[in-house]
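Below: a set of structures, written as structure tokens.
The same chain A turns up in both complexes below, where it pairs with chain B and then with chain C.
On to the complex of A and B.
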């Protein structure tokens, strides 16, 4: 499982404050903490309180990579901010994200190619999040076909089938699972799949239980990556266990400790 | 139509492990042996590296063997009551680059030799030849702890390859290897899960990751070799997928297994359908070793020089 730590996001107050005051302390603390918990990438999102601008994204990438040696998942809808982040980023960045809208694909995919980055493609377009797996798969195919036309290797494409909260959009969860299964069959080698996991439990009771249960279910149908709460110990235990049950890692009695090494 | 060769991208590497130490490194060996280092499956050098060829070791005992099949008596009978002479013959006459000595005389139900006597024999063998040495106990856990500890101490700095550490008995021997600068064989009973767990225990205990060699306990051809074969394949896949607790090189005691079953030990008169006993035994050992070579064996410990020569040739061809 490719773990993308979700915590450096302006929707959390400490990060919003840090960005507003240009004080990197909280951001760098979370960078270290999430990597120690096993993250491979660090998501970076300016959040709703501050305007998404090239300067802010550039600053965010720099303060993260000044502190830690890890790739950043640039989480913005602003193409200029994205490009500013890519310019200063060291190593292979992940772009979060594009939808299947043609203008978006035409704007972002050349950047993906130019910076040899990875791209998250959301299985939707301007008409919003599809209701069923078939439409999600169709949107995924549009992203895949466009990525291929730009010469982007399939292993750099991450399809996000878009999970919604189970309390208000319950029928979506099984559709998302079916989408993951179908997306893995759209190309050979297959594109990767990713979820913004915490969405599934927004404003629900027992959020962490819902997150880790859905994680195990999604892994069983082929999920490759998750933007997750990396410091949720039980969630990491669930991932480690699912990796064993899927025969991705060789079982040993210390499999929980071993997964974290 | 252009044909594109499919290449797997592996992210891991088998550890490179060296056995023996020359004067520079605090030992007395005139040569050392390095195995491992692979970043791909055996033979598939088009998609990764197999920098070191698999090595064949000749196995000797520290006493005259009992009930060995005739082909082995024919080749070693003149020297096998003297371990130093036996070692010399293996190296000088048959070109062994690595030697294994099995300390069967320590066995309490046999000669029950003392740790001091046995350490003396090991030193005599070290004096007789310049190649690196593998040292294996008699199989009695309690006695082996005493004997191997003494041997490790008396041969400090030689970087022997010593076995066996097992899941429920590793602390004495692992501690001795750590203190006296030797490499350790971790043996597990044809079980990749236990192999991995034992390596975790050993590294937690303080042994360096590249001071361990895995013995997955191979069985003889015709007697369950396929179980060991698939365990080894799984371990090797783990290594090149970057599982740090499975990235140790692997050793197989082929000779002990291959010559321990009835096929190499039955005279032609008793079973004419099996053909000549001489060629049969050599081929039995050769086939056994060359098969596991393809599942990732790095060190093959063998008994018949002709079989060893066959496998050496095959191993060299595979890395070409």
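On to the complex of A and C.
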């Protein structure tokens, strides 16, 4: 499981404050903390209340990579902010994200190619999040075909089938699971799959229980990556356990500790 | 194994005309991948697309039958890079070369003697490669005839000369030999001969590119009964080529290399040659051709390697069950141990029996003591029946005391009742056998 730590996001007050004051302390603390918990990437989102997002994204990437040696997942809908982040990013960045809209694909995929980055493709277009797995898969295929046409290797494409909160959009969860399964068959080698996991439990009771249960279910159908709360120990335990049950890691009695190494 | 949506899409005309039903070529490709549409519904489909779809339904590596009669074997047909993922299916053929310039009869006699029995199976060198070193068609034909008359083994006819090959095939075509080999220079002639005689054709490339080019030309003529050779002869290069061929065939469905391979060893020293051949057996060869390993002591480990690599890892390895195994030089006072025929269980016990003794592995379908016990395959009645009715243990020992594994102490009552023997409950682990025997056996024997 590729773990993308979700915490550096302007939606959280401490990060929003840090950005406002140009004080990297909180950001760098979370960078270290999430990596120690097992994150492979750090999601970076400037948040909604920001004026000049290209500048802020650039600053965010720089302060993160000043502190830690880890790739950043540039989480923005603003193509200029994305490019600003890519320019200063060291190593292979992940771009979060594009949809299946042709204009978006045409704008973002050349950047992905130019910076040899990885790309998260959302299985949706202008008309919103599809209801069923078939339409989600169709949108995924549009992203995959376009990425292939730009010469982007399938291993660098992460399809996000878009999970919605289970309290208000309950029928979506099984469709998302079916989509993950189908997306893995669209190309060979298969594209990767990713979920913004915490979305499944927004405003629900027992959020963490919902998150980790859905994580295990999604891993069973082939999920490769998750933008998750990396410091949720129980969630990491669930991931480690699922890796064992899926025969991805070799079992040993100390598998929970080994997974974190 | 079907094609993926993306692979199909790339072969579609990209016209988005909608005449197939779905609005775009992309949507049509996805329907094809899911088996919900027919390619014929597309008005502009190319031959290339048709071929690709047809190829997708074929197995990634063709199965080729070579030889006839007792030594006929299938090679190729593999689906794995690593045996632990499923299994390797068809053991490679092991061939020894015979030159048409040497004493053919004498060498065949040696080759015929390379046979032995292992775990109940007769194992032998099963192919002879007759090599046209003389360059002379008559000498080649004569050598082939001598081999055919003195051995049933599958023939590999090694000559790039069409006239020599024709003369050899006049004699041996009925035995379904491998015609080796077609190169860029002679492939049309050799293909004609192979086709006419319906024999597998060996294709020899200078390198992988040249090989793929050649097989495409030959399959383009409609002949697919092929065994391929990437041309490498150094161990490291051969292993690299074998790996690339297997990967391309399985992972990329690259048809031009979707055939079993033939490899040739080069080492003069027979032990080095055996090691070289072991590499090729482990790394995907369909046929391994050797020249110098003519002693059974050197051939035996090689044939054992082949047998071991091609055992099915999904099936537990077993020892022949329900018989008495003698450890050391046991007599009528030696202890008798019961275990199961799972080879790990059996050999754990065998390795721990300190002096002379008897072991009876009971048939539990190759499962361990506790697995067999919990699956009702290792009960007192069954063990008694095996001891009394299937073995002659009662004639071998004068006592009537049998030792069972400590983990299944609970079945001792039933075993005593059914067999009439005294049951001694041994240690739970075989590692305790030595102590158990030294402390208890004499006393128990005399009690």
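In the analysis below, the second predicted complex is superposed on the first by the 260 of 261 C-alpha atoms of A that agree within 3 Å, B and C clash if a C-alpha of one lies under 4 Å from a C-alpha of the other, contacts with A are read in each partner's own complex, and residues count from 1 in each chain.
Everything that follows uses one rule, which is that a contact is a pair of C-beta atoms (placed from the backbone, for glycine too) under 8 Å apart; a residue touches a chain by one contact, two chains touch by 3 or more.
The model shown is predicted, which means the values in this text are computed figures rather than measured ones.
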| item | value |
| --- | --- |
| Partner chain in contact with A:101 - chain B first, chain C second, else both or neither | neither |
| First, second, both or neither for A:78, with chain B first and chain C second | neither |
| Larger contact residue set on chain A - chain B or chain C | C |
| Contacts of A:237 with chain B and chain C, given as first, second, both or neither | neither |
| Which of chain B and chain C A:148 touches, first, second, both or neither | second |
| Which of chain B and chain C A:187 touches, first, second, both or neither | second |
| Touched partner set for A:132, first chain B, second chain C, both or neither | neither |
| Touching both chain B and chain C, residues of chain A | none |
| Touching residues (chain side chain C, partner chain A) in the complex | 4-7, 9-10, 26-27, 29-30, 33, 251 |
| List of chain B residues in touch with chain A within their complex | 192-194, 196-197, 200, 234-235, 238, 243-246 |
| Residues of chain A that touch chain C when the two form their complex | 137-138, 141-142, 144-145, 148, 154, 185-188, 190 |
| Residue numbers on chain A that touch chain B, as the complex places them | 249-254, 257-258, 261 |
